[in-house]
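Each chain gets a letter, A, B, C, D, E and F, in the order it is written, and its residues are counted from 1.
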Amino acid sequence: MSFNHFDDQGQAIMVDVSGKQPTLRTATAAATVSMQPDTLAGLLAGRTTKGDVLGVARIAGIAAAKKTPELIPLSHPLAIHHAAIDFDTDQACGTVTVRATVRAFERTGVEMEAMASAAVAALTIYDMCKGADKGITISQIRLLFKEGGKSGTWQREEAQ
Amino acid sequence: MSFNHFDDQGQAIMVDVSGKQPTLRTATAAATVSMQPDTLAGLLAGRTTKGDVLGVARIAGIAAAKKTPELIPLSHPLAIHHAAIDFDTDQACGTVTVRATVRAFERTGVEMEAMASAAVAALTIYDMCKGADKGITISQIRLLFKEGGKSGTWQREEAQ
Amino acid sequence: MSFNHFDDQGQAIMVDVSGKQPTLRTATAAATVSMQPDTLAGLLAGRTTKGDVLGVARIAGIAAAKKTPELIPLSHPLAIHHAAIDFDTDQACGTVTVRATVRAFERTGVEMEAMASAAVAALTIYDMCKGADKGITISQIRLLFKEGGKSGTWQREEAQ
Amino acid sequence: MSFNHFDDQGQAIMVDVSGKQPTLRTATAAATVSMQPDTLAGLLAGRTTKGDVLGVARIAGIAAAKKTPELIPLSHPLAIHHAAIDFDTDQACGTVTVRATVRAFERTGVEMEAMASAAVAALTIYDMCKGADKGITISQIRLLFKEGGKSGTWQREEAQ
Amino acid sequence: MSFNHFDDQGQAIMVDVSGKQPTLRTATAAATVSMQPDTLAGLLAGRTTKGDVLGVARIAGIAAAKKTPELIPLSHPLAIHHAAIDFDTDQACGTVTVRATVRAFERTGVEMEAMASAAVAALTIYDMCKGADKGITISQIRLLFKEGGKSGTWQREEAQ
Amino acid sequence: MSFNHFDDQGQAIMVDVSGKQPTLRTATAAATVSMQPDTLAGLLAGRTTKGDVLGVARIAGIAAAKKTPELIPLSHPLAIHHAAIDFDTDQACGTVTVRATVRAFERTGVEMEAMASAAVAALTIYDMCKGADKGITISQIRLLFKEGGKSGTWQREEAQ
């Protein structure tokens, strides 16, 4: 079994990637925010008349992609070339699905950047809605897709 | 319906809490990391013989509690007085439950600090195990408990 | 003449404010972004149909208020209790006026937080419009108002 | 009209630059700090006998060039290869002109790094002189020159 | 033996200080930078004719005091009220002694802020002189004095 | 005598490295933490039964390597490809020797990253042991080895 980030004495390290060639890397991750359908209806109504929760969450998610090396102790600092966040909402279920995509021409993958970006965008939605509903839950933070590097393309089965 | 963080023209603001009195605030949040039971067995075996995934994740979670004002755009900078992270593992299910508790004597609550702390600890576990299992999922990031402030104590029903 | 931030040997210091009592402090600062009237018309049209430049700039400005102690070497770290940003636009002149207000119950003033917040919101507008107009200029970054502390209230004459 | 930083649905993004080739990029930006001539005289006298306001501002400006990706939400993280700050003073007018130059071999320009660097150096001068003169104003934050990349060289007319 | 920062199961925590009363805390730490006497002579000559190594190091040290909660994993975020750095030089020995003092009205001590401040000022001197002398060594990073809190005043014997 | 980081008027700059070719750079630095032998015995016993001081210090040191451009004012932002920290303990003397190695394919060296990493790991050990022994001293922060770049390999004589 292959655990990253430890040397052969079990000590945490930032893995040496200096021998790798840079390749174009892309990763997409998602997160689902589940709230009362009424809360979601209020959030969506507010986009035009009150305040733009999803617009703020998008900025937070993009900033988090840049901040990933500070958040994840053994991750490498990467020069991100692209970051974008989409939202899908299901009003009947009261869910917002966050999808974060990150791209870089680097020696190591951008999976953690995409995961952190989706997670922080979801946390920001929680923050802005918790006055209405403290019970909101964030689930299914998961990698959907990655491309580039020696291990090539990986796609979660659910993703089409 | 009460959405925080917008003024009466719908513009995002950092809500004015200067008129509030500081009180002792506590919040506990959780997150569940689901992996293959074999991956979890490897992780737990590694704690003694190879590397301490959970030890690294704990430090990342505590650091994230301090970094919350940088991650969540409209949150207030808070002087945290306590942060702690516990892990429960269920080897049959392949799950690690992260529980983060944060405390401060402040004018506003520490829910976001606890939520961000649990989320980043979970993301760190993902980072260190993704070489073995890219499909690991983080779910149920949720507030379990909060105490202090005008709205008083709130407890999620599931929590005992 | 009173220069802050130097001791009696002319060495830069973070001035000792530990002997002061905390009081409620408010500061408002402004900045003016001057662009081609056409560029401003495009920016304002985009708010509804394309993208919300001012919404992104507002989040950047609020974040900058929290980041002021990292930007200004001899400033004190402050626990900000409120931050808000307003925009006024003059389409004939092609100007956007940024107004940033910050409040805290602290031992020292929040002038720099308001100034940095207005400046960074204006820089963000520049960033998002520079593809259309590299010649955009930011001017009149200035304190409009401060209140609280031993020196009391100060108001720039222009401000009503 | 070309607004950067939005996709075709008007959503804020970090623009994808992964398809671009790195080229050598240089940008110079300026800012003007206007104060009472007496305040400037005191500042300049202090450089040798009391404290070095401009020396502190220079360090703040260089640090801000490195911090630009954290300040400007949709900017790309860049590996800066050079940063320098010059000051010109006009004692009769009471003005300090800050000029910041940044260089990098990158896929996107360093205009924002130069603009942020000049702005933060100017804000630092304000901070250190505000005890003597709260009315100090920062104006004319503007790009003077850029070079490199597909759009090539751009020079503001005023600059010789 | 009392190790801070672990709970009774040996897990790293940010110790709970919410039950403590804030008191005025002061700490002074020092560090010694040892270089070739010629290098020090060049550094000191440069203060007036070339560049001010110690002025830059002072700013770096004050910034590090503010950044301590990000550097030291289990430290508490503190609102520092004062930070200052002095240098003593011994030209015959080729040593620069850095002395950093930090003060805050807080629930926990500022020892780490003073230690980190002295260490980073010393590292900055190394950085600026390493072109002349890579063998420069930083030694004797040590607490000289602390005051405030339940444990009261502590003074290292060497300090007068 | 060659002082880095100043232009020919003695003004601090981030040296222009844009004309250099990237090469593989490695640097190793060390620091020695001296404590009472009893304190060290307690620290080492705690690794298995109480808490892992050295594990926390290792994470802090790796994070500091990534944070070096924020700590050292005139250093360049670098994309680190590898960071690792080893500890040697001498129980009779009560010393822990920290050794930090950093590697990157860059235009400038990683000496400061290695020095800062060793220093912050040592400061973290101090932080976690200061409850038992405030007199702990950090010494001999020094470069052991560097490789890569125009100046080639440099090795301290003591190092084998």
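Assume contacts are C-beta pairs under 8 Å (C-beta built on N, C-alpha and C of every residue); 3 or more make two chains touch, one makes a residue touch a chain.
Molecules present, by chain and UniProt name: A, B, C, D, E, F = Cyclic pyranopterin monophosphate synthase.
Quick caveat: nothing in here was measured; it's all calculated off a predicted structure.
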### Query
Can you list every chain that touches chain A and also touches chain C?
B, D
### Query
Which chains lie in contact with each of chain C and chain D?
A, E
### Task
Determine, using the mean of C-alpha atoms as each chain's centre, which chain is farthest from chain B.
D
### Length of the line joining the C-alpha centres of chain E and chain F, rounded to whole Å
16
### Query
Whole-Å distance, chain D centre to chain F centre, using C-alpha means?
32
### Query
Just how far, in Å, is the C-alpha centre of chain E from the one of chain A?
37
### Query
Using the touch rule from the top of the page, what residues of chain C touch 2 or more other chains?
11-12, 52, 55-56, 59-60, 63, 67, 70, 73-74, 78-79
### Message
Going by the touch rule stated at the top, which chains touch which?
### Response
A-B, A-C, A-D, A-F, B-C, B-E, B-F, C-D, C-E, D-E, D-F, E-F
### Task
Sort out for me which residues of chain C touch chain D in the complex.
1-6, 10-12, 38-39, 42-43, 46, 49-53, 56, 59-60, 63-64, 67, 70-75, 111-112, 115-116, 119-120, 122-124, 126-132, 134-143, 146, 154, 156
### Message
List the residues on chain A that touch chain C in their complex, please.
### Response
52, 55-56, 59-60, 63
### Message
Going by the contact rule set out above, which residues of chain E touch chain B in the complex?
### Response
7, 11-18, 69-70, 73-74, 76-79, 107
### Message
List the residues on chain E that touch chain C in their complex, please.
### Response
24, 55, 58-59, 62-63, 65-67, 78-86, 103-105
